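Everything below concerns the one structure shown next.
Note that the chains take the letters A, B, C and D in the order they are written out, and that residue 1 is the start of every chain.
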Amino acid sequence: TPGPAAGNGDGDAVHVGLIQEARPDVEPWSLSWHDSIESLKAKNPGMKVTETFDAYDATRAEPVIRQLLDSGASVMVLSTFVLTDVAKTLAPEYPKVPMVLTSFGTMQQPNLSSATASYLEIGYSSCWLLAKLAKDGQVGVVGAQEAPFEVESEEGCRLGAEAAHPGAKVTVVNSNSFTDAQANREQVQNLLDRGIDNIFLVSGTEDTVGGFRLCETAKAHCVTWGGDGRKWAPKAAVLTVELDWSSLLADLTEQARTGKLEAKSWNLTYGNKGLKATGIDEAADVSPELRTEFTTMLAGLADESISLPASKVHPGLR
Amino acid sequence: MSLLSLTHRTPRQASFGRGLVNLLTAVAVVAGLVAALLAMVGVDPAGTAQAMWSGSFGTLRSTGETLIRATPLLLIALALIPSLRAGLYNIGAPGQMAFGALASTVIALQAPTLPSAILVPACAIGGCLAGALTAFLPGLLKATWRANEIITTLAMNFIAVAVLGYLLTGVMQSDFANLPQSDSLPANSALPTFIPGTRTHIGLLVALLAVPLLWAADRSRLGYRLRIFGANPSLARQAQIRPGRYTIWLMTLGGAGAGLAGWMQVAALDHRLYVGIATPVGYAALFVALLGALHPLGTVLAALAFGALLHGGDSLQVGAGVSPEIVQVLLGLILLAYAIRATTSAATGTEGRTRSWTFWKRS
Amino acid sequence: MDLLEAILSTAVRLMVPLLLAALGELIAQRSGVMNIGLEGMIAGGAFTAYAVAMAHWGLAAGTVAALLTGALVALVMAVGAVWARGNQILVGFALFILVPGIANFLYVQIGWTGGAPAVPTVTIPVLSQLPVIGPAFFAQNLFYYVAAVLAVAVWYFFARTRAGMTVTAVGHSPTIAAHRGTSPRRVRTLALLACGALAGLAGAAMSLGSVGSYAPNIVGGRGLIVIAIVILGRWTVPGAIAGSLLIAVLDSLKLNVAEGSVIPLQLFGALPWVVVMLMLVVSYRMRSNTPRTLAQ
Amino acid sequence: MMHAANSVAIVDRPAATPAVALKHISKTFGTNAALTDVTVDLRPGEVHALVGENGAGKSTLMKILAGYLPADTGELEVDGRAAPADRVLSGPRVGVGFVEQEGGLIRELTGAENLILAEGTGFLADRAAAGARIRELGNRFGGAVDPHVPVELLAVGQRQRLEILIMLARGADVLILDEPTAALGIEDAAILTEIIERFTADGGGVFYISHKLHEVMSIADRITVLRGGRVVGGHAADQVEVAQLAADMVGQRVAGDENRNGNGSDSAELIEVALGEERARTTASASHEVVGTLTGVCAPAPYVGESALHELDLVVRAGEVVGVAGVVGSGQSTLARVLAGLLRPSTGTAQLPDRVAYVPEHRHDDAVALELSVRDNVVLHSHRRREFCRGPWFRRDRMDQHVEEVLRRSHVRGATLTMPISGLSGGNQQKLVLGRELDECPTLVVAHNPFRGLDVRAIQEVRQAVLGACDQGAGVVMISPDLDELLQLAHRIVVLFAGRILGEVDVADGDLDQLGRLMGGVA
């Protein structure tokens, strides 16, 4: 049976359930969701948010999500694509609750939206800056595994670095784990030992903390994406390509309020202001000229005058 | 020899009454500690208790979820009991579960059109065999080269992770996902549920079936031989009980249980194969068996309690706003109190020289 | 810097926390205590070291705090498993869950995510210039040298001192040791405290030395791996060193070689364990120092 | 006399101050009163023997003296001064060296290390110095032993000597020897006697437990007899006859004493046994039916102090007792294990029956599962019998009947079916093992020191049982360092030397000189 009258209860009291894969304190990805929902909450004081951090595999998450839905959550945000199967099961069972899943693909349910970001743009802008900062055009990329989003970011990275520096060279290394901070740090160390000190931390997950730390103490430059990397590396994080999910969240709460559900496919880009360059304005190592140049480059990405190849991870989107 | 306490109550009587008293003491101590902890971080202890209870047993569905959590723990723990009683530490349940799940997945994906009545048992058998084989190797190494089974089974766990990782990012990776996961399993490979309105599947019944089996084995020739084997291998050899063979069989048995649990996980719950298939369950099962004092009924209780804690703990995040870290602390405290207070009598049996896990030395 | 050098330096860096913890676990196991709670001791040490260093009390204070925390956790283990004679495996498992939980909780509560100050790297003048092995063995952070000194100390302890021999004796037969006037309870307690302190130090080496921060689940199951190292090393100090180095080298290969090689990455994950199993088989006839009453 | 004797333990002698005295000691295990109001003392320079049947409480009393086991009630006096109450109740006592029945060294450590552990002071573990001490003491008291090999690699006799030397090195002035000669050959026993003499000459006191009454008579100055946990007699050794001791031990025939077997084996007969006058001999003669053959067998030694077997041939026929004599360490243990099927010959063939009844030399290592119940230990072989099983399950009632029967037949005392076997006294454990092994009508019996730790009555019973097995067609191989035992029971004796059979002696001919020469390695 469908869930209880969620979303059309007493007027404005929207209750957002957010399923996180980790604490916002430990990884940029979760931080971006956390920050987005906090900013939305600041604008809507009546809004209730329940954030969970420890139920991210399918078996454990399903009952927790149900519990949330049964206790009156009117918007459900599934911030990890591990929950795809769960989302597909639950969306028809709770047809009045707008849900969003970070994934890409055709969503058959009217209440299940999908959200992703343009990894090509993320990689492009990140490595563009790094290649500019590196005198010799050497850029390092530290990833976790060859997950599709990482591969695509790396492709964007190569394009960006080459655009910024004709002789640019991108070196990719992987820590083989989304959670092992020690391995991530080792890989950064390896890059530093090879004389590469402009580094793109591409995994966006728990392991990056190790890399951030080393960049900070070694006075290297690092760039990441997701939530603001300066939380972990105040000086070294010269740029974070921040993901801003707030318009998506605002849309969902609106759907819940009005009861008019519509499944959408969100893709965060510079063009739709889903991506924001954070930190560069405060970064001491970035000269004003470079900053201007960077802004111009972003504008080019935003109006798509910088053309990028077709996305392999989400065909049809940028 | 233990010269300090030489009372000769039979271990069984000693453990049962005292175990109960100890359990209650443990509960009281832990309740106090946890309440203090929660009050310290500004959470209402009574509300938390309430949320915990309703999270694990409050509704039919939550009870079902508790049972779901308990099922693999129970199955693996029961399968491990004989080897634990013989002093073999098979900590390889995660790997055995993973290979069991892998085999089931492969069978289900290769023969998706078979009728359910054939496919389900085929997957079960495949999973069981794969788990058994995974444990057979450490058993063989132990029997022939005395290779320490703690290391070899641990090694198999890491190898299993690697193999699954390789397959799930390679040939077995689902086309639709950018995740290391397999295609979803055909519907006719799914295990039937038996409590409507829950996900509780017949795997629980399979696990429970092992209880009378163990109970009976205790009173059988086989049980006797296991006791002798566990107590003194040299003596066992004189009675034509070949230690090597028993080592292999006991390890294999544990693996078979874990393989079945792996099958249940994919066929009843996940309907896909993930790398982390055995994550919380694999190791916990060993401790469930120890918590249950290597007694079949004790293990049922321990598995149920553990399942309730795991599931109830997850639901605390939503129900009482308690952070998952606190839930972990809570679980740890409960285990600690139980381990300190209750295992002396229950798992150690006659105190002193008896090996702690061979408590069930009934004469 | 060529590949070999990179592999070796990475390996030595990865080895340090493993070795420190392995030395501790070695002491505990030689006294007959299977200390599964090691993971908790490392995690406790890792967190306190970080918290104290972040509170501007300095790296030294952080390290001492880690030592004490590890020992405190070990004291709980001693009370549960030795004094109250609880099942060692179960008490250890409880600590395995409990202590990282507490550390993670406190980490989230204090809300600090900044980095701890860097641990100084000490470069030994001439030796560090040696090709290949120079940077790996003679230009590392302070924890490496501490671990090296402690390894020698623990070796000396077991090989030469009466206390070390007594620990071994208790591990083999607490009853006979008690008949000779040694209190097994005291010996096991002290061995656990030493183990806890070393594990705490390993935690500090992880959070301050290897990562530069605490991170939830920073230990990530290395406690179990260390136990495997101790068993694999046949309960000897050279064995523990070799075992830690072996695991670290194979991990390092995974980081350094996997990239761009045709060999699937996962093979590098499985390889160490295949090697470990082979080593067990090959060393089958070697005399083993297995403490007879281990885990009893 | 029995009641009076409880308090009368000391025969008048010049009243030197006792080195130690135990007064009014009582000890119960569960409901089993092991000791009741026992008072004994020991003067410097004296050998005080404790004798009594299996389970009489000798070992328990000594464990209390050594501080290994707390007494329920009682007092302890050291050098005439009462020890504080807590010292009576527990804690190993410095100055008392207890050489246990089953060995009290840590077998993974070397002799030197065991000594270092016992001494307990100093920072360094100086193995070389400790080894030198052991060597030096070995030279002084006779009986050297390598202090730098792990104890588990030493033969029984060496282990025991080592243990004594360690106690001496530690400065014990009271030695407790619990059945020290039970597993020793003549040479080792002689060395032991010498050690004792030198030790007492230096002013040390020795408590000496043994079942060999002749030996006791020659070594001890004073003899106390225990029965059922009470002191029933105290004698000066030079004023008592063996017959008197034996009579004290078994007690008068008392109506309703269920421990006595009523089939005519009364005390007079036992006294004869104790005197060594009884010659039990089988009436059956060896048939031609071969029950076990070794041909050209080579096998590696199980431990260091032992010899490997070289090209050994042996034929055992039904109905005969083959004695195996030889200096301890000549390959007896290797031979026993090969015959028992526990050690596979590296070359050569062993034709043996499926089940060999085996009474091993190391009881705790190879013969019993200490933490299992008496019942589990008894049914080791018989649990396979059809009649005890219903399908795969046991028929507990029938099985228990059988176990009771075995216990009764082998005269095991103080046992219940469910108690762990570790609660039985050493001798009773041995009887249980013998009863179990002979129970299944074996065709080949391999008995290694089968009389180890048995009291006189039990020895007689075991002899009867072994001969009974022979009469039923079993071939028996009996390995013993004690020539008297062999001569009393065996038809022929083969002599092992350095892993080879050097020769054979027909007991009927009784050429003892030849036997002695062979044992010395002279073919």
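To be clear about the criterion, a residue touches a chain if its C-beta (ideal position, glycine included) is under 8 Å from a C-beta of that chain, and two chains touch if they have at least 3 such contacts.
The structure displayed is predicted, hence computed values, not measured ones.
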Third chains touching both chain D and chain B: C
Interchain centroid distance [CA atoms averaged], chain A/chain C, Å: 36
Separation of mean Cα positions, chain D and chain A [Å, integer]: 78
Separation of chain B from chain C, taking each centre as the mean of its C-alpha atoms, in whole Å: 28
Residues of chain A whose C-beta touches two or more other chains: 145
Contacts with 2+ other chains: residues of chain B: 1, 3, 169, 323, 327, 353, 355
Sequence positions of chain C contacting 2 or more other chains: 108, 216, 265, 269
Arrangement of touching chains [line / ring / star / complete / other]: other
Of chain C, residues touching chain A in the complex: 1, 6, 9-10, 13-14, 107-108, 111, 113-118, 206, 210-213, 215-218, 220, 251-252, 254-256, 258-259, 265, 268-269
Residue numbers on chain B that touch chain C, as the complex places them: 1-3, 41, 141, 145-148, 150-152, 154-156, 158-159, 161-163, 165-166, 169-170, 287, 290-291, 323, 325-329, 331-333, 335-336, 338-344, 347-348, 351, 353, 355-357
Of chain D, residues touching chain C in the complex: 66, 68, 91-92, 94, 98, 104-109, 113, 116-118, 120-125
Residues on chain D engaged by chain B in the complex (per definition of touch): 29-30, 63, 68-70, 340, 342, 354-355, 358, 365-376, 379-381, 383-384, 389, 392-394, 396, 417-420, 422-423
Partner chain B, residues of chain C touching it in the complex: 76, 79-81, 84-91, 93-102, 104-105, 108-109, 175, 216, 224-225, 227-228, 231-232, 264-267, 269-270, 272-274, 276-277, 280-281, 284, 295-296
